[in-house]
Amino acid sequence: MEADPSTNPRIEPRLAVQRLSTSFPTEGGLVHAVADVSFSIAPGKTTALVGESGSGKSVTSLTLMRLLAKTANARVSGVARFATREGRSVDLLKIDEQALRALRGNQLSMIFQEPMTSLNPVLTVGEQIAEGVRLHKGLGRSAALADAKRMLDLVEIPAADRRVHEYPHQLSGGMRQRVMIAIAMACDPTLLIADEPTTALDVTIQAQILALMRKLQAETGMSILFITHNLGVVAHHADDVVVMYAGRVVESAPVRPLFAAPAHPYTQGLLACLPGRARLAGRAGQPRPARLFAIRGQVASPLAPPPGCAFEPRCDLAIAACRDAMPELLATGAAREARCIRVAAALPEAA
Amino acid sequence: MRKFLLSKALGMLAVLAIVAVIVFVLTRAASGDPISVLLGDQATAEDIARVQKVYGLDKPLPVQFAYWLREVLHGNLGDSIFLQRPVTQALRERAEPTTLLALMAVAIAAAIGIPCGIVSAVFRGRWIDQLFTGVAMLGASIPSFWLGLVLIQIFAVSFGWFPVSGYGAPDAALAERVHALVLPAAVLGLLNSALIIRFTRASMLDVLGEDYVRTARSKGLAESTVVLKHALRNALVPIVTVVGLTVALMIGGAVVTETVFGLPGVGNLVVSAVLRRDYPVIQGALLVVAAIYVLINFSIDLLYAVVDPRVKVG
Amino acid sequence: MKMPPMLRQLLHRRIVLVAAVVLLIIAVLAIGAPWFASFDPNDTAVLQRLKGPSSEHLMGTDELGRDMYARIVHGARYSLAIAALTALGSVIAGTLLGLVAGFFRRLDAPLMRVVDAMMSFPDILLAIALVAILGPSLVNVVLALVLVYTPRVARVVRASTLVVRELLFVEAVRALGVRTSRILWRHILPNLMSPILVQVSFIFAYAILAEAGLSFLGVGVPPEIPTWGTMVAGGQQYAHQAFWVVLFPGLAIIFTALSLQMLGDGVRDLLDPKLKKAL
Amino acid sequence: MPMIDLSSRRTLLRHALIGASAVAALLAGATASSQPRNHATLAMVAEPQTLDPMASTADLVGTIMQHVYETLYTFDAKWNVVPMLAESLPKVSADGKTYSITLRKGVMLHSGRELTPDDVVASLQRWMEQSPRGKAVAKELDSIKPKGALGVEIVLKAPYAPLVSQLALPSGMAAIMAKESIATPLASYVGTGPYKFKERKPDQFVLLTRFDKYSARKEPASGYGGKREAAIEELRFVPVPNANTRVEGALAGQYDFADLLPVEALSRLEKSGGKSVPILTPSFGFPYLVLNTKEGVVANQALRQAIQIAIGEGEMLAAGFGDTRFFVAEGNHFPKGSPYYSTAGTDQYNQRNANKAKAAAEKAGYKGEAVRILTSRQYDFHYNMALLMAEQMKRAGFKVEMNVVDWATLVQRRNDSKLWDIYVTHSGIFPEPMLSPPQLGDGAPGWWSTPAKQAALAAFNQEPDPAKRGALWGKVQQVVYDEVPYINVGKFNGLSAKSPALENYQAATWPFFWNARIK
C-alpha cells in the first residue's frame, strides 16, 4: 500500500486484463455478463473487484481461470496478460489447455466463496492439498503429505498432524476456508484470485481469514485479485478498486482516493449505505443480503439492458441524455476512471 | 448411530410385515384351484375335497393366515402342492441360476452403464451424449422377450455358440452353467444398462456441477483426474446403490428372461406356480423375493452410514 | 392460439418434436383404425395364412390369414388404451396418495411403508400375481398395472409435495387461513403438474412393455384381443417362417415406448431443478 | 459419396468373426468332455404334474414313467394287446367274467426282489382306487386276488371287453409297483422297468438310470411289446414348455429328442442339414369339441345339431395345423384299416352350411343367447380352431363368447356345468374306443347320458368278439353324430424330432427310449 503502482510505470503488472468480455447464449438471447472490462494488478498488490450480485465480478474471475462450465458455451474475447514466474507473458485466454493447467494451482490459484462445498467430501484434507503439490512440484506421496502439513501450519490450523487425515465434514467453516487457502497457496502462486472468500463466514472468522491472507501476501509477495461486494473490507485490504455494475466497469481508482471522493453515482450509493448495513451483509447463510436499500430499484435484466447508462433507471442524478447512449470510461483524475456523463460534465469546472 | 439403526430396522420390519399381509391376501384371493390340476381331468368332487383338507385349504382365511405366519416365522413356507416338496427347498433349488444370472447381468449392465454414463455426463450435450442417451432409451423400450428371441436366433440357433434354452446338463460344472447364462445375462444386462447409464449420467452431472470439482480444476489437475478421482468417487455411492437394487430386483424380476431361456430360476418358478395355482409356492416366492429386496435395501442404508462420512447419524 | 411456454420450449427440441409426431401418427392410426385398414382385424382366411407383405396385405397375414396391418392399427387401440388407462389410473391414485403423504406428516410414515412394501416386489412379478388372481381380462390387466405403478407415482408426488410445501407461497396462503383441501388443490397440485406429466409418459411406456410381457407369459390380456403384446406372443412360433408376424407388432411397441420416453425425458429436462431431484 | 472399400471391410468382418468364434470356442470348451456320452436329453412338453402314473392321466407322466413301471399287458406296433409282465394273454372263462393271469417268472423289482402276485394285486387295487380309468374298471369288478406263486385272478360282474386294453394303456397306467412302496403320495418309485428312478428336480429334469437286473422278454421288440433293453445309461427328461424353444433346441442339436413340435416346424427340421431328424406320426390324435348337454343353451340337442351343421371341420383343421400334410379331415372316428372304421353318421361331418344351420337353430328355438366357448392357448391349435369355429358360428347367426383361459383353469372350469357351453380339447387315437374320449364313460364334463348312449355302449362293451365289436362301434358313432355330445374334428399327425445321434428310436404315441442308442 506504500507505493502506488500507477506512479511507478517501470514495474510490469502481474496481470493485465484488457477489454475482457464474456457472454452466454441463452434461450432468451445473448447475455453479456462481462463487457469490455480492463484492469491490472501489480506484483504484490491487491486489486478489489467490487459489485453486487450479477455485476459480473465472479464471471470475470472464472473467465480468467477458464473455469466457466463448458456447457454454458461462454463466448470470451479480450486479452489477459499474465507475467509468469519465469518472466514470460502469456495470454490466459488463449494458451492451450495443457499450458493453462501447468499454471493453474501453481502460479495462479483461486479461493472460492463457499468453503462448505468447495472441498471434496470423500478425500482427506491432506490429500486435497497434496495432490496439487505432487502435480506441480513433482514431489512423492509422503513428501507431498509433509508439505500439506506444513501448509496447514501455515494457515494456522492447530493439530495439523491430525487434521491432515481428516475429512472436510469434520472441520468448521472457517477451518475449511483455511484449508482452501492452503490448497491455493500450496505451490506459492504469484497471483491469488479470491472470490468472496469470506462471504459465507461469521464476521469474526472473516477478519481472521482476511488477516491470514494479508500475512501470506506479505510473506510471499503474491498479487491478489480480491472479489467482494463488501466495500468495508475493501478499504482495509485493497490497493486498487474496480467497481463493476451490470457487467461493466463503472469506476476504477486507488483505494484511498476512491473512498475519499467516489466519482460515479453508483459508487457513491454503495458508500452511502456502508455503515451499519455492511455488517449485515457478511452474515453467513444470506447469500443475497438486501444491502443496497439505499439505492432504489433493481439491477436491470441482462437480457434487456436499458439503451443508455445501465445505472440510469436507479440513478438520482440521471438526466435525459443518460438514456441516449452507454457512456464511455473517462479519466477523472490520477489513475482514476469513471463511466458517467454527469461526472464528465462536471470535470472541466473542477479542474 | 444406534438410534438410526433402530429406526431403520423398525421401518424394515414394518415393511416386511406389510409385505407378508399383501402376499397372503394376494395369493388367497386367487380363483384357480390347484387340486383339480394336480389330480388331472377325471378327479371327482370327493377326491378334490379330500386333498383340499390335506393342504388346509378348507379353513377360513384369517385362520389360514395365522397358521401360515406362525410357520413362516419358524422358517417353514409350507409345502408346494404341485412339486410335493417344501417351498423352501424348491426356492433353494432355484436360487442358484437366478443369483448367478442376476450377478452376471448386473456385471454386464454396470460394465456398459457406468462408463457410458460417465462419458455422457462429461460430454453433456455433444453427439456422444445424445448417442448414449438415445441408446439407453432404446434399451428401455425393447421388450426383453423380443431381444431374447433375437439373440437366441443369432447366437444360439445360427452360430450355435450358446444353448438355446436351459441351464446345462444335470451334472454340469459351473463353467457350463455360466456358459448357459451368457445370453440371458446379456439380455438383462443390456436392458438394465439403460437404467445405469441414465443414473450414472444424472449422478455425474450433479457432481460435476459441484464446487469441489471446480476446486479440483483450479488446482490444474488433468480432466481425467478431475472426473475419475474427484467426481466419480462422489457419484459412486448412489450408483452403487442403484446397482445393488438392480441385483435385488432381478432376483425374481427376471421372469420373462428366465422363461424365454428356460432357466429353472425363481422367476420361472413363480410363473409356473401361478399357472398351476400353487399357492404356497407363490406366497413363499413373493415373500422371499420381497424380503431379499427389503434386506438389500436395508444393508445399503447401513452401508451408507458406514461408508459415507457425510451421512449424519444419531 | 397461444401456446404455453413449456410446450413451446418442448417443441423446440428436435427429438421431442420427432417423438410427438410419431405418437401423433400412432394415435391417429389407432383412433381412425376402421378407416385406415381395409380388412377386419378378426376376419380369418385360412388359405391366406402367413403370407408375406404385399400390396394387398401391407404387413402380411398371420397364422389365421388375418391382415397384420389391420391388426396392428386396431391393436394400437387396445395397447394404447391399456397403457393410457394404466397411466391415468396410477397417476390419479398415486397423486392422491402422494399428496396426502407429503402434506400430512402424520400419514406420511404409514402410507410410505405401504408404498415401500408394494415396491419391494419386482414389477412384473407383482403384475403376474395380480393378473393371475384377478383373472386374465383387459380390465384386470389395467387394474393390476395400476396397482403396480401407483406406488411409483405416489413416491414421486410425495417427494415433490415436500419440496413445494416448503416454498414460501404455501406458508403465505396457509397464514391467510385457506382451507387445506384448497391449498392442496389450488396451490400445490398445479405445481406438481410437470413431474406428474413426466410420470404419465414413462408409465405409459412401461405399461405398453409390461402388457406385452404379461401377454408373452400367457398371463395377460386374453389372446383373442389384438394388442401388440398378444400379437408378438401369438406369432412367436411362426417367427421363423414369417418374420413379419412378430416384427411389426414388435416395432410398434418399440417405437411407441421410445417416443414416450423421449417425450418424458424432454419434459423432465425442463423441470425445476429442485423438483427434478424428486424424480 | 465416399467410396467404400468393400473388400477391406469384408476382411475386417472376417477377422472380427474369427476372433469372436475363438472366444466362443473357449466358452464352449468348458462344456466339451472327452468321454463319449451315454445319456440322452429328451425335451418334454412340460414339467410332469406328478411322477405317480396312477395319479394323473397326463400323457407326459405315462411317457416318463413307462420306463420305470411296467404293466401286465401292452401294445405292439400294430396296437395288438401283447403280454408284458404277464407271461401270456389271460385265460378268459367261457362266461367272459373270469380272467386268469400268470406272471412271468423271475421278474426283478428295482428293490432287488422278485415280483409276486401280491404286488400285482396291491398295485391294481391302488389303480382302481385312484386312477380315473381304474375307477371305471372297478365298477365292473367283482374280485381280484392272488392265485398261487405266479397267478392273479380277476372276476368281473359282467363281461367287459375293454379290460385288457385298460390294463395295457400307458396313460393313467395300471402300473405294477412293489407292494411295500405303495403310499399316497408315492415316496419312492419301485417298479420293474428297464430304467429306475434316479433324481427329480422340478422344472429342471427327471433322471432315470439303467436298471442292471432288468428281466427282458424274449420276443423281438414290437411297439411297446417284446424285448426291452436299456442301451442308454441315463435318460434325462427335461421340461421345455415353450414349443418354439423345443424347435430351436432341436435345430441347435441341444436335444436328442423333442416331443410334440408345432407341425409348422417340419420344413425347418427338414432343412436343418442333418442336425435334427423330424419324426411325423400319422393319425397321432384327434381334436374334439365337448358340448354341455346338462346346462345352458346347448343342452338343447336340436341346437347342438345346428352347430354341427354350421361348422366346417376341414377349415378348422387347416387353421389348427396349417398344411394338409399334417391333418386328415374325415368323419370316421377311426382310420381306415382299424376294426372300428365306420362311416356311420359321417354325412353330418364338415357341412359348414350357414343357411341350413341358421334355419335349424331357429327351429330349435334359438334366440341369440351367447354360446360360450372355453379354450386355452396352451395348445396353439386348440385356440386357432376355436377362433375359426367362432367365425363359422357367427356366420350362421350364433352369438359367440370366447373364453380363453390357461389350461389349468380350463381343466378346472370344465367340471362346472354352469361355466361353459363348448370346450376344445384333444386326445391320442387309441386302439380301443373306450379309452378315449372320457365322454363315452360316465360323469365326464358334458355329462352326456341318454338312453340311446347307454344302449349302444352296453352292446359294444359286453361283446367280447373283436370282429363283432367293430360293427357295434358304428352304432355308437351314429349316436354321437345324432346327439352331438362331442364333435370329433378330424385327425392330426404328430411331429417330434430326434438328433442324428439317437439311433434305433421307434416312433410312438408315448415315446419310449429303451432299445434306442446314442451314437
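For clarity, chains are labelled A, B, C and D in written order, and residue numbers in each chain start from 1.
The criterion applied here is as follows: contacts are C-beta pairs under 8 Å (C-beta built on N, C-alpha and C of every residue); 3 or more make two chains touch, one makes a residue touch a chain.
Everything quoted here is computed from the prediction, not taken from an experiment.
Taking each chain's centre as the mean of its C-alpha atoms, the one that lies farthest from the centre of subunit C is A. Looking at B-D alongside C-D, one finds more C-beta pairs in contact between the chains of B-D. Taking the mean of all protein C-alpha atoms as the reference point, the chain centroid lying nearest to it belongs to B. Between the CA-based centres of subunit A and subunit C the separation comes to 52 Å, rounded to the whole angstrom.
Distance between subunit A and subunit D, defined via averaged C-alpha coordinates, is recorded as 89 Å. In terms of their C-alpha centroids, the spacing between subunit B and subunit D amounts to 39 Å. Per-chain CA centroids place subunit C at a distance of 43 Å from subunit D.
Shared interface positions of subunit B, i.e. residues touching 2 or more other chains, are given as 31-32, 153, 259, 275, 277. Of all residues in subunit C, those touching 2 or more other chains are 218-219, 236, 239-240, listed in ascending order. For subunit D, residues touching at least two other chains, in rising order: 406. Pairs of chains meeting the touch criterion are A-B, B-C, B-D, C-D. Residue ranges of subunit D in contact with subunit C, taken from their complex: 243-244, 247, 262, 264-265, 267-268, 315, 318-319, 322, 377-378, 380, 383-384, 387-388, 391, 402, 404-406. Listing the residues of subunit B that touch subunit D in their complex gives 31-33, 36-44, 80, 82-85, 90, 93-94, 152-153, 156-157, 159-170, 172-173, 175-176, 178-179, 182, 259-260, 262, 264, 268-269, 272, 275-277. Contact residues of subunit B toward subunit C in the complex are 11, 14-16, 18-19, 22, 26-27, 29-32, 130, 133, 137-138, 140-146, 149, 153, 249-253, 255-256, 259, 267, 270-271, 274-275, 277, 282, 286, 289-291, 293-294, 297. Contacts from subunit C toward subunit B in the complex involve residues 15, 113-114, 116-118, 120-126, 128-130, 132-133, 135, 205, 209, 212-213, 216-219, 232, 236, 239-240, 246, 250, 253-254, 257-258, 261-262, 265.
Touching subunit D in their complex are the following residues of subunit C: 42-44, 46-47, 49-50, 63-64, 136, 218-219, 222-224, 234, 236-241.
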